[in-house]
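Chain nomenclature is as follows: A, B, C and D, assigned in order of appearance, with residue numbering initiated at 1 for each chain independently.
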Amino acid sequence: MKKSLTLIIASLLLFTGCAKEDKTVIKIALVCPLTGDVAAMGQGMKRAVEMAVAEANASGMFPGYTVVLAAFDDRADPKEAVNIANRIISDRRIFGIVGHLNSGCSIPASQVYAKENLAMISPASTNPKLTLQGLKNVFRVCTTDDIQGNIAADFVFNTLRKRSAAIMHDKTAYGQGIAESFKSSFESRGGHVTGFDGIDLGEKDFKALLTAIKSKNPSLIYFGGMYTEGGLISKQSKELGLNVPEFSDDGIFTNEYIKVGGKATEGDFASMVGIPAEQLPKAKAFMDRYHSWYPGVDMQPYDPYTYEAAMIILDAVKKTNLDKSKMVDYIAGVKFSGILGQTGFDKNGDTLNKIVSVYRVINGKFVYQPKK
Amino acid sequence: MSEKILEIKNVSKNFSGLEALSGISFEVGKNEILGLIGPNGAGKSTLFNIITGVYPPSRGSVVYKGRDITGIPGHQAVRAGIARTFQNIRLFSNMSVLENVMVGRHCRTKSELFEAFFRTRGFRKEEDEIKSSACRILQDTGLLKYGNELAKNLAYGSQRRLEIARALAAEPGLLLLDEPTAGMNPRESAELMEMIREVRSKNIAIIIIEHQMDVVMNVSDRIIVLDYGKMISTGTPLEVQKDPAVIEAYLGTE
Amino acid sequence: MLIQQIINGLTLGSIYALFALGYTMVYGILLMINFAHSEIFMVGAYCGFWFLSMLPFLSAFPGLLIPAMFLAAIIFSGVLAVLMERVAYRPLRRAPRLAPLISAIGVSIFLQNLMMLAVSAQSQPYPESFNITRFQFYGATVNSLQIFIFLLSIVLMVLLEIFIHKTKVGQAIRAVSQNHVVAQLMGIDVNKIIAMVFFIGGGLGGVAGVLNGMYYGSIKYNMGFLPGIKAFTAAVVGGIGNIRGAIAGGFILGLLEAFSAGYISSENKNIIAFAVLILVLMVRPGGLFGEEVTEKI
Amino acid sequence: MKSAGRYILPAIILLLIVFPLVFLHSNPYAIQVAGLIGIYLILCLGLNITIGYTGLLDLGFMAFYAIGAYIAAILSINNVSFWIILPVCMLAGGVVRWLLGLPLLKLRGDYLAIVTLAFGEIVRIAANNAVSITNGPKGLPRVGERFSSINFFSIKFTENIHFYYLILFFVFIAIVASRRLENSRLGRALVAIREDEVAAELTGINVAAVKSVAFVLSGIFGALSGAIYAHWIGFISPEMFTFWESVFLVAMIVIGGMGNISGVILGVFLLVGVPEILRDTLGTRFVDYRMLIFGAVMVAVIIFRPQGILPSKRRALELEAHV
């Protein structure tokens, strides 16, 4: 009995090393999965924030201070996310948090940040519950599912004039959410949904399911989810002779999708939040800088949002001149013009930037499709 | 002979076609020592396994103290009063000698999870009783000084005695010994026979499978000879030694 | 529709079967669940990927390219498996039963992260190795890749059967899997045989990886995990340790998955596959082809 | 030693109670990690009864953690008091574990491992698909719902420190229960089954029943920790109950020392502690290498100590000579 309890004590003391506080440092925390199944997107987010931090230091935004990125890997596991959240609130030099990626991590972590009224901007968690917890310090720059699903249904029904669609989703909070909102708004417009099927994240073989879907001959496949599964669905449906376009969300809006799906993705559609990059000088410049910083690396779907979130936090630090307590109020009322266009937040913390544009894959490139 | 403790009635057993035992019937008296001999593969171990509930017989029945226990599971056979040892020693090697015997007491005690968690008075009394009775058995079998040794560290002879000690802990009415003197020198065998007579004196009936003729002839009240699954002879050691069928089975015809 | 599902199921099944052979052979010889086998599958896929993208000039004559690619994958994965056994499992040969399992888990985490850091976290598209022609019959479409996968796996399985049952080394492998000590007494170098088993199991796993990459057209550092659990389930359904069992188990699982996704609900196809596993094991604790080993008392 | 020994145990317990107060403001991270370690301690001490004492390999234990968490969440949303939820979850965990055990306990080692693995996956996928009950991937509580908070007389459990003491209480119970089980008739029977199942049956142990008791006991601890964690973290989603979590629990027990309470505790600290320590020491530059190093550490440790760092050894009992 004694030995086991002494062990607990000895090891607990291990964790109490207190962090040394360096006053001349401004830390921006990024929390996302850097290892595990969704690491590709996490790594992309890290690149975006590294870029923002480097640009802030280069432009002398904070004379006398150095801006530092504190990146944490939550492995898309809520338990680690809450651990990290507690770690962050005990580090006085962290001014704001960019993250997390998965809603399952953002929601519990946001409750921890709320204790210290620490500003948290999520670039990728789209579960509506995140901003409906009544927490003042929680914001997000990505839209919630209902907006994208709604606009996609409108585009399919009115612009493409398709009347029947098969719906698939990757059973994640993100994919299933968007698929459900597309289904309800497509059906409310009188569209016929031939099926609503979930697939497992990481699954590769959809031929069996697509064969069943083909037998109901839908005129379009709507997929809520990410580029890997999205690309495979497009490829395998054409291989099975189901030659209908695939319409999906911003999760596939990367040329990774075209690489995975190959020629089969020709003619597929993707909805993307914000005004098209070409029409936004800042967005175009961001893309060029990104490719010059990271040559040959594909930009991930959430990199622009992550960059914007980091810039909003840095801007708030500057405008409240390093007064953490005022950050939340400042961000709540901010009107930030950046690479996503004009970004502001409603009372819940959701972005007011509700513009969604649709793109189509035309000879291997996503091309903006203005709504007629 | 006083009334019978075990009755085997017309027991047969076949394993996918092979008739390991056919039509075996015999009885065992309350504190009789019955020797079971026969060439390898005669069905001795199969008979042991049927009596101790390892597997049920294909036909026939096993009656113990007047109760039909045919095909009951092993642990219920032990609770009924039938304990055994094994041909190749099967002790709980990483448990201490004392604990091996304490496990033998398992079916004679009844404290469950609740009593263990709250360490009720009944539980503590029972634990002490288990330990003290186990110590007494170890003392009787001369193993007390090894009490806290791990079972696997004991000398071969002592491990054989420990197996018997563990079986005795279940307060059996019938003890089945499967080649207890295998691999022992004559002195150790004699000591073991002494121990077996002592066990019988506590009126526990014994069935012993044994290959060393001098040992089994010396200690048994009666002998049963098995060959190819059939009983070819039964009777006192003297009668059996002279029985031509036995000689033929062992030595083959001239 | 039924024929199409059978085709889908058989293709999926052949990859599972090849993959399951690695689990079964290692379990047969060391009674150990090799968790890291799914990483060998992944490394095999990457090896094919490097081969195709590094040597574009070879794609001029596919006749030469395809066999060379598979050979490279077999050797690369096989050597990795042997290395893995030498470093992570041999020291634990005498250890308690669960120790090698933990070592395998460690190796699996290590290899996955190594590949993610060394190569890339993003999924890589698989270059076209040869142009795929499609055939139509009875309303179902079959493409030449599916036929190739099915035939290659059948050929490899037959070769393995012959190797295990007809050659001297095969006999040695079966002997060692029965009893290490006795096999050693018969003059068999047990360590060499175990290394051989890891090489074969690893090589077959590598081939399954390449086929998976070619068939689905994209590979990623964690691609081995999900099919790994499925292949292991197949090996157990067939009777762990039994080569024919692994092959049968692979095809059964492939067909089961295809039919449950096609006819019941794709969302729950994994639940159905696992539920079948539990049922099979309850009815036949040794798996379909595993023999009931009754303990001698 | 007896006299000095008397003071060590109370001193330790006092220290464990005082520990969080010292760090209340300066380092909430330490309390958070301590609490999480406590949850893993309850889980591993529970699983240790199945793996450590009885030798049954279980690769799907997270299923019972999930059952506890989801039942607690659903009841808590309909504001059932925590002190009713706890026994209900423990009962549910025990019953489901018993049902799973019925057909499976006669399976041998690795086959049982596979069936528990399959069951773990079935529960995780079911939690993700049964949208009407568990709200699927969006997790519980749903928008607008809230877990009812735990209140113990006057104290309302909101801060980490409250949950730290709640968890500490149950860790203590888990240690005492394991210790008392170990030194009881049932405990000896379990170890005998691990040593030689056939000999145990033929020594009078009802192997099937005793195994089932151990199996169910583990399930109860699993569900208990799930219920506590759901209330602590305030949100649960299917991605918390992955296969890897079950495998980590087994690794903690085996690396620490199967069947030895102190060993299991050390194993938990090692496998929860090391990644956290690596998180600090590696900082941002090497954050990607954390899991790589962790995998290598696991292989190294198990090769260095195959039987676990603190393997279990039987306690010496004093021998009574009879006159």
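The rule is simple: contacts are C-beta pairs under 8 Å (C-beta built on N, C-alpha and C of every residue); 3 or more make two chains touch, one makes a residue touch a chain.
Here the structure is a predicted model, which means the values were calculated and not measured.
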(Q) As a test of understanding: of all chains, whose mean C-alpha position lies farthest from that of subunit C? (A) B
Q. Higher C-beta contact count, A-C or B-D?
A. B-D
Q. For which chain is the distance between its Cα centroid and the global protein Cα centroid smallest?
A. D
Q: Express in whole angstrom the distance between the two chain centres, defined as the mean CA positions of subunit A and subunit C.
A: 35
Q: Please compute the C-alpha centroid of subunit B, do the same for subunit D, then give the distance between them in whole Å.
A: 42
Q: Go ahead and note the Å separation of the Cα centroids belonging to subunit A and subunit D.
A: 34
Q | Where subunit B touches two or more other chains, by residue | A | 54, 86
Q) On subunit A, where are the residues touching two or more other chains? A) 35-36, 43, 171, 198, 200
Q.
Quick check on subunit D: which residues sit in contact with 2+ other chains?
A. 125, 129, 176, 198, 202, 288, 291
(Q) Quick check: in the complex, which residue numbers of subunit D touch subunit A? (A) 5, 8-9, 12-13, 15-16, 19, 23, 26-34, 36-37, 41, 125, 128-129, 131, 136-139, 142-144, 160, 171, 175-176, 179, 233-237, 239-240, 242, 261-262, 265-266, 269, 273, 276-277, 279-280, 284, 287-288, 290-291
Q: Using the touch rule from the top, collect the residues of subunit D that touch subunit C in their complex.
A: 51, 57, 103-104, 106-111, 113-115, 117-119, 121-122, 125-126, 129, 198, 202, 243, 247, 250-251, 254-255, 258, 288-289, 291-292, 294-299, 302-303, 306-307
Q: Give every residue of subunit A touching subunit C within the complex, in rising order.
A: 35-37, 39-40, 42-43, 171, 197-200, 202-209, 211-212, 215, 228, 231-232, 235, 239-241, 256, 259-260, 262, 298
(Q) List the residues on subunit B that touch subunit D in their complex, please. (A) 52-54, 73-76, 78-79, 83-84, 86, 90-96, 98-99, 102-109, 111-113, 115-117, 119, 123, 126-127, 130-132, 135-136, 138-139, 144, 147-148, 150, 166-167, 170
Q) Quick one: in the complex, what on subunit A touches subunit D? A) 1-9, 11-12, 14-18, 34-36, 43, 68-73, 75-79, 82-84, 86-87, 89-90, 102-104, 107-108, 111, 115, 127-129, 132, 171-173, 176-177, 198, 200
